[in-house]
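Just below sit the structures, each encoded as structure tokens.
The two complexes that follow have subunit A in common; it is paired with subunit B in the first and with subunit C in the second.
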Partner chain A sequence: MTKIISPDEAKQNSSFKSALTELLYQLADDDFILAYRGSEWLGLAPHIEEDVAFSSINQDTMGHAAIFYQLLEELGEGDMDVLAHSRPPKERLNAVLLEMVNGTGTYLENPKFDWAYTVVRHYFYTAAKKIKMDSLKNSTYQPLADAAARVSIELFYHMMHWRTWFQQLMLAGGEARTRMEKAIFQVMDEMEGVITLGPKGQEIIKFALIEHDKTLKDRWQAVLSPVFTSVNSIMPESMGMKSGNGRNGEHTADLESALAIMNEVYILDPAANW
Partner chain B sequence: MDSTVSYGLLAEDEKHALFIKRIEAGEKIEADDWMPEEYRKTLIKLISMHGISEIMGALPEKEWVPKAPSLKRKLGIMAKVQDEMGHGQLLLRVSEDLMKPYGKNRESIMQDLFSGDLKFHNVFHMEAPTWADAGLIGWLVDGAAIITQTNMLDASYGPYARALKRICAEEVFHAQHGESIIMALAEGTPKQRVMLQESLNRWWEALLMFFGPGDAGTTGTSKQDITIKYKIRTKTNEELRQDFFTKYIPRVLSLGLILPDSTMHFDKEAGKWIYKQPDWGKFKDIIKNKGPKSEERLRLRRISYETNEWVREALGSASAGERR
Partner chain C sequence: MTLEKPIKGMMTLNKIGSDHQKELVLKALYEVKDPEISSISIVDLGMMESIEVSGNTVKLELVPTFLGCPALDIIRQNTEKAIKAAVPSFEVQVEFIHYIPWTSDRISENGRERLKEFGIAPPPRKLPETGIWEVDCPFCGSPYTTLENLFGPAACRSILYCKSCRNPFEAMKPLFTNI
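And then the complex of A and B:
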């Protein structure tokens, strides 16, 4: 398929545009909600150095969400802030894994957050995101290919960061290893929801916006499997979508409460300039 | 200077005299140089408090990071709070080097914070209940911080002076970030303007207190004389507060805000601002962790410290601070 080089050109082909916006909502919503979960850790990370590093990663991730919402805005989907703040949970296409709480309590009260879960979730997600971005560099939608190239550069550092944590905690043995192994199963139970391209997957693939999700999944396993070996472990074979398929608009109560916090000021007056 | 070679052979008072000569000559003292006990202790106290205040200072703003009302504001406040944590990290490392002779480290700093031995800045004990507070903190609290920190840019202790140089460069962006939020509110809807005025009223007293009491008579103790003697800073608390007024009162008024102190005016003859003193008794209570949010914020840090204990253990607690 020939490249579509501008939003105007994309708008002329309605089935292309509909597949493209579907994919962009997935990418934008994924990063938006995970950047939020990450930012809840602010001031609560295991040590100050990690607080600084993690908040830099969260900023990058929120920045990526903004890039994808911007692409949607250019396609006529509406103002990027409205897209980020105003859509109800059932219209959100993020993977359920990324909306799940960090632990018990809230970021303001009694936050008993689980660092093992955070490390595994972020590491597995970042690996999947990197694979998607690399595939998107050849996307038939040129503005998305350009965006993916920019995002991909920043992911190099994110990958290194989370891989280091993953290996250190897995190799530490004792309580750390036990917690990590538990987290791996929790994350794998939902990991399919990150990789799947959802109900419009066939269309997305047909227009060569990104490669087949089966291909992406194989690559993800090929990246992670040696890392498991390096920490004397074996990657679980199966992954699932135990709590629902976010690409279908299926979500948990965790998303609802997260959105309520993120919108608290915005909804005081959505028309105002903040 | 070559006299350092023979420092070990000198008597205490000769060392002291040479040290004073060095700082009088504008030389920088480095971590491994000989220094009077009083100087070291003053620095440890000052820099640990500065460092931990940056970190505790992230907490009131942290409340607003997820709630920031647009993508642009979310990114702005995320970057700002990250800088503050970075300042904390940088300063604690300077302070850790000074503590080495006493066998103290990061762990001791955290324990001192929890026990109340290490105080954090009065402004970070206060409530930040609205989005306007997030803007006001950036605009006026960071604005005040720029004034006190600029005053120490030429501090006699080299590592602190260098850290401050980096910090001040970033603080300028923070003040701009805050000002931009404030401008949007000031030019916004009537509700937004009310939100802004209420925030200024709420923070006024804490901002006056920010620079510390004018003299030791007010609160019983004051470190300002020692820090001036050792060329760590140049101006007094009151001079800094006056600088703050001169810079910000015109800006506050130009936004159409009402000064929370109706008696405030500039006395041309005396060449200074006349204002109503804050309640310094309250100030003493606040820095003793009896402020409105002191306990809650300390509790947040304590919970995170305890919840993540297994992580520090896994990393090997001794090197936890160095690793990422």
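And then the complex of A and C:
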């Protein structure tokens, strides 16, 4: 298939545009909600250096969400702020894994967040995102290929960061190892939801917007498997979507409460200029 | 005023505008500084990609260093203001582009010096295959430094420590397309 180089060109082919916007909503919504979950750790991270690092990663991730929402705006989907803030949960296409709470309690009241879960979730997600970005560099939609190349560079440092945490906690033994192993199974129960391209997957693949999700999954396993070996562990083989498929608009109450908190200020005055 | 690296479209400005206007625009661009690093201009930082002049309209393409950088809107406004002030008859449009990634080698030699002046070590000129980079202390020049935190107070910077002069310092985080 020949490359589509501009939004105007994409708009002329309605089935191409429909597959493209579906994929863009997945990418944008994934980063948007996980950047929020990450930001909830501000001031609560295990140490001050991590507070600085994690905030920076969340800021990058929100920047990535913004570029994907911007691509949607260029395709006539509406204002990017509205896309980010005003879509109801059932219209969101993020993977369920990424909306789940960090632990019990809330940011303000008795937060008992789980760092092991956070490390595993962020590491597994970032690895999947990097593989998607690398595949997207050859996307038939050129503006997406350009954006992916840009995002991919920043992910190099995110990967390094989460891999370091993953390896150190896995090798620390004791409670750390036990909690990490529990977190790995929790995350794997939902990981399929991150990798799947959803109900329009066939169309997305047909238009060569990104490679087949089976290919992406194999690559993801190939990246992580040696890391498991390096910490004397074996990567679980099965993954699932235990709490639903976010690509179908299926979500948990965790997404509703997260959006309500995130949008609180925006909804007070949507026209305000920050 | 001469540019170390050519900016696309500068020649058009040469042809259409007067030499005087060209000089004014260039001077104005050198006056637009990074909002957090007041010693370096967006030109030396390598953010300028192209200038297009048609009639009274000047269109500038800028490359963001990091996508989530919160200073982008301020840079846009400052750029528009600076050119408008230099040549009031110009209508200015600033666009952030993503079709070219910003990489560390876009910083000019002058820019590297200006960063040091601010206490920020410039990034390595290229990244070794290992991904491990070495930075000299911007204060004493010693290579005897350690990385304290890859992630710093801004998306574009890391935190390091000089074991020679015992100063903490920041360094521009290297970005290359081969990573």
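Quick note on the criterion: the second predicted complex is superposed on the first by the 270 of 274 C-alpha atoms of A that agree within 3 Å, B and C clash if a C-alpha of one lies under 4 Å from a C-alpha of the other, contacts with A are read in each partner's own complex, and residues count from 1 in each chain.
As a working rule, a residue touches a chain if its C-beta (ideal position, glycine included) is under 8 Å from a C-beta of that chain, and two chains touch if they have at least 3 such contacts.
This is a predicted model, so every value here is computed, not measured.
**Q** As a test of reading the superposition: which chain, subunit B or subunit C, is in touch with more residues of subunit A?
**A** B
**Q** Look at A:Met100 in the shared chain and tell me whether it touches subunit B only, subunit C only, both, or neither; answer first, second, both or neither.
**A** After superposing on A, A:Met100 lies clear of both subunit B and subunit C.
**Q** Taking the superposition on A as described, I'd like to know which of subunit B and subunit C A:Ala53 touches: first, second, both or neither.
**A** A:Ala53: touches subunit B and subunit C.
**Q** Determine, under the contact definition given at the top, whether A:His161 touches first (subunit B), second (subunit C), both, or neither.
**A** In the superposed model, A:His161 contacts both subunit B and subunit C.
**Q** Of the partners subunit B and subunit C, which touch A:Gly63 in the superposed model: first, second, both, neither?
**A** Touch partners of A:Gly63: subunit B and subunit C.
**Q** Could you say whether A:Gly43 touches subunit B, subunit C, both of them, or neither, answering first, second, both or neither?
**A** Touch partner of A:Gly43: subunit B, not subunit C.
**Q** Now for A:Met191: first (subunit B), second (subunit C), both, or neither, which partner does it touch?
**A** In the superposition, A:Met191 contacts neither subunit B nor subunit C.
**Q** Pick one for A:Arg150: touches subunit B only (first), subunit C only (second), both, or neither.
**A** A:Arg150: touches subunit C, not subunit B.
**Q** Does subunit B (first) or subunit C (second) touch A:Ala10, or do both, or does neither?
**A** In the superposition, A:Ala10 touches no partner, neither subunit B nor subunit C.
**Q** Would you tell me the residues on subunit A in contact with subunit B in one complex that are also in contact with subunit C in the other?
**A** 49, 52-53, 55-56, 59, 62-63, 66, 161
**Q** Taking the complex as given, what residues does subunit B use to touch subunit A?
**A** Where subunit B meets subunit A, its residues are 55, 58-59, 62-75, 78-79, 81-82, 85-86, 88-89, 92, 106, 131, 181, 184-185, 187-189, 191-192, 300-301, 303-304, 307-308, 310-315, 320-324.
**Q** If we count contacts the way the header does, which residues on subunit A are in touch with subunit C in the complex?
**A** Subunit A residues touching subunit C: 49, 52-57, 59-64, 66-67, 142-143, 146-147, 149-151, 153-154, 156-157, 160-161.
**Q** Can you name the residues of subunit A that touch subunit B in the complex?
**A** Against subunit B, the touching part of subunit A is residues 36, 39-40, 42-53, 55-56, 58-59, 62-63, 65-66, 69, 80-81, 84-85, 103, 105, 107-108, 110-113, 115, 161, 164, 168-169, 172, 174-176, 179, 261-262, 264-266, 268-269, 272-274.
**Q** Which subunit C residues qualify as touching subunit A in the complex?
**A** Listed in rising order, the residues of subunit C that touch subunit A are 66-70, 98-101, 103, 131, 148-155, 159, 173, 175-177, 179.
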